[in-house]
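The letters A, B, C, D, E and F name the chains in turn, as written, and every chain counts its residues from 1.
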Amino acid sequence: MVAIYPGSFDPITLGHVDVACRAARLFDRLIVAVYAGGEKPGGLFSLAERLALAQEALVPQAGRNIAVDSFSGLTVEYARSVGAGTIVRGLRAVSDFEYEFKLAHMNDHLAPEIEVVCLVASSRHSFISSSLIREVAALGGNMDGLVPPHVGEALRERFPVCAGPLPAGSHR
Amino acid sequence: MVAIYPGSFDPITLGHVDVACRAARLFDRLIVAVYAGGEKPGGLFSLAERLALAQEALVPQAGRNIAVDSFSGLTVEYARSVGAGTIVRGLRAVSDFEYEFKLAHMNDHLAPEIEVVCLVASSRHSFISSSLIREVAALGGNMDGLVPPHVGEALRERFPVCAGPLPAGSHR
Amino acid sequence: MVAIYPGSFDPITLGHVDVACRAARLFDRLIVAVYAGGEKPGGLFSLAERLALAQEALVPQAGRNIAVDSFSGLTVEYARSVGAGTIVRGLRAVSDFEYEFKLAHMNDHLAPEIEVVCLVASSRHSFISSSLIREVAALGGNMDGLVPPHVGEALRERFPVCAGPLPAGSHR
Amino acid sequence: MVAIYPGSFDPITLGHVDVACRAARLFDRLIVAVYAGGEKPGGLFSLAERLALAQEALVPQAGRNIAVDSFSGLTVEYARSVGAGTIVRGLRAVSDFEYEFKLAHMNDHLAPEIEVVCLVASSRHSFISSSLIREVAALGGNMDGLVPPHVGEALRERFPVCAGPLPAGSHR
Amino acid sequence: MVAIYPGSFDPITLGHVDVACRAARLFDRLIVAVYAGGEKPGGLFSLAERLALAQEALVPQAGRNIAVDSFSGLTVEYARSVGAGTIVRGLRAVSDFEYEFKLAHMNDHLAPEIEVVCLVASSRHSFISSSLIREVAALGGNMDGLVPPHVGEALRERFPVCAGPLPAGSHR
Amino acid sequence: MVAIYPGSFDPITLGHVDVACRAARLFDRLIVAVYAGGEKPGGLFSLAERLALAQEALVPQAGRNIAVDSFSGLTVEYARSVGAGTIVRGLRAVSDFEYEFKLAHMNDHLAPEIEVVCLVASSRHSFISSSLIREVAALGGNMDGLVPPHVGEALRERFPVCAGPLPAGSHR
């Protein structure tokens, strides 16, 4: 059985890696599907960068049944086009849940034959979101332990000025 | 007793129609009040279009006590100007509720004589929101069953390229 | 138009009075319907006491269109039997909302012709619940300002030992 | 791959049937596991009755890969004892989610090799809970459309006095 | 400045210890106040046991400014009687928050001079609650890593039959 | 002990003043830290204006241990640079809570030695947010009672056209 795990992955986090690895044990094949849609406000990495970061993060540790792909358009159309019967989503918090709830019902309207399956993020990843990571990394926060090492590296390259601790008094 | 049911209605959905028809049974007269405010980011239809779509959706099925109007400025000022003592709101989910809660208290501060009344959307409409409909219709999703037929038509005209199912493999 | 405002009212609070008075302005007649069902765990006042406390709290200040009654069985059956087309509920917090949501959908299943209307409790009453009042009054907490004066009196009679401040050191 | 779908099923509802049938498409074998634990306050049907009602509801419509069983003790221990690697849970609302979140993390602590997978209940079942059904059926509410027909029959047998509409005026 | 950290502590968990140690760094003196109130349904350890378990868990690791005490009656009265100006509460999840919100407003009504301060539980403790621990330990679940070692020992003594893994097939 | 109370304060509200004054009683010194970061969409007052409005609102009524400062970069770096061991946050509603939860865990990741302390906003301020105030003031809503008088003045100066009630019929 084929499943897709769609998202922006801007950038991929250890929470995403955790969900993907667990999903890969449930399904014969898991496609981590990076959304190629128009530039979102607040976006950081290009599609090519997001694909490369996800590829490097996922393939080594998750066995041979994980692939990384990009898609545009409706998620359910992409799922159909690759023969996937399941969409995997990670749940972290109540606000996630409400959004996933709406999305799951919309997907059920669009493609009732495709199942949405939610995995609860492990507790030590439950506060990690790509948007918070972008926001904090831009201010020089160290993201090691929240993202894979090569993603931490990419964040430091993207925000070189702030990469070290701010000099004392620099806040004025 | 006159009530207003304010919103952006961009576009009007079957959930809106359901709330409006139920409100029209509670009050002598219901004004569906389309907000004419400045362009919101992510907005789709012009004020004239939103008014026309709402008019066509509501008047036939809700009896003679529903009117469609537009307004700008504070909702409570509009309510006062048309002699309405009640503002009707639809509730779908927790996130709605929190926002409505803040808004109800703010309206109570601004105009304590005007009552806010919330109707719970019926369960089959509880996942429909105009913003999700705009987002999914833009990607070619079929909104029939979620919006009135003429709104589905207007969405297909607005997003002609995606109106049919995507050809297989078109996601790459 | 007739509406009912059902509840246990054990005891009636200023939050209930606020919701009832606002509902009485929306409908021709409002029946505050005290649930007579079997003893709930944690219940405090008898049905007769709850009726009397509600009566004294509501009738003087809300005009002539409020009546107090008791009922048992399904709320929608009671509504039908008194010719009420609307059930009024007060909303205070998210946990309320979820319960009301389930209840509203259940009532829609049982009696689609009866409308459920929610009023948002005013912010200074939003933290008051009968169960918290029973709990705190039992420990001697002063409930003046949260319940009508005669209800505060009834609570002090019910919990005479704790009615004053605890003597210093009494906690061991 | 074997999965279990544990619960009290007191009684089984159409929401449970929906989740079970969808889970049965995801896994090679699904065991609907009825909790045999000590009598819960508010419980209605005996273990034997709950098993029989679930059996009758599930086996016909879900193909040959669904079995009904009972268990006591820890859910993860039961999962291990039947060789199941996955626990299926249905999500309906935010309050569900918080509880499932805590439970998923606890299960991860107890048995990290067992995955918890959540399916979002379809919107027309999202307000159905066994506890609300017990409560409303006890007052004579008609549960047809929310539970399978034979469960509705069992509820009417259990609450014979209230099975019809209450006679007018019976609320006093 | 003196603060109290009130609760049932039935039993004390590593989440409680975390909150207490962090609170002890904020205040001159912290009193962990074990509620001595009437037996709650579902309660496990006696007051004397809960006090002893808390004492052993807290005093060694938190320096000399933590004391353990018991109290009955209103929390704010106890705070006044020991000269505490602050009540410390731990926050884990949304459902906690709603309850704490109501409680904080009630305490503000009863004793406006006493401040309520909430500490967010660390993410690896956010799913631990005493009630879940009692429930799972009663079924033989291993609580090591969620409670201090001597509390795990006390739970195993209390539930000796289930302390080891269940024998295969024991679920019938 | 030094604490910071960071925020955008665009503009400072009576809810902020309430939290700041209560925090000032808990700590030896409180720095209200106005975020100087890049222009946010929807922002209203400049950094200099926000600082001046906060200064005028806070210093007179909160004793000599409150200072107002601005900062940029990471909040925890600012806290370190001024020797603060505590970050104060106000909690109003569930949506606040979820965000604060994520932020508290992120701060714990970045600077485990710095404690995050949440104060529950008093119930009459729980619906006030700077963003809602900006939105409503822009439409001419009177913010007296929600913000300090000089902030109300500043809002009226900023939105002079709408400062009075809209003329009847002006909504078309």
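Note that a residue touches a chain if its C-beta (ideal position, glycine included) is under 8 Å from a C-beta of that chain, and two chains touch if they have at least 3 such contacts.
None of the values given here were measured: they were computed from a predicted structure.
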Touching both chain B and chain C (chains): D, F
Over half of the interface residue numbers used by both chain A and chain E, so same, or under half, so different? same
Pair joined by the larger number of C-beta contacts - B-D, A-B: A-B
Which listed pair, B-C, C-E or C-F, reproduces A-F with over half its contact pairs identical? C-E
Between the Cα centroids of chain D and chain F the separation in whole angstrom comes to 47
Taking each chain's centre as the mean of its CA atoms, how far is chain A from chain D in angstrom? 32
By residue number and range, which residues of chain A touch two or more other chains? 94-95, 98, 101, 105, 123, 126-127
Viewed as a graph of touching chains, is the assembly arranged as a line, ring, star, complete set, or other? other
Chains that touch, pairwise: A-B, A-D, A-E, A-F, B-C, B-D, B-F, C-D, C-E, C-F, D-E, E-F
Where on chain B does chain A make contact in their complex? 93-95, 126-127, 129, 132, 136, 139-142, 145-146, 162, 165-166, 168-172
Listed in rising order, the residues of chain C that touch chain D in the complex are 69-74, 77-78, 81-82, 94-95, 98, 101-103, 105-106, 109-110
Contact footprint of chain B on chain C as seen in their complex: 1, 22, 25-26, 85-86, 91, 94, 97-98, 100-101, 104-105, 108, 115-120, 122-123
Where on chain B does chain D make contact in their complex? 94, 123-124, 126-127
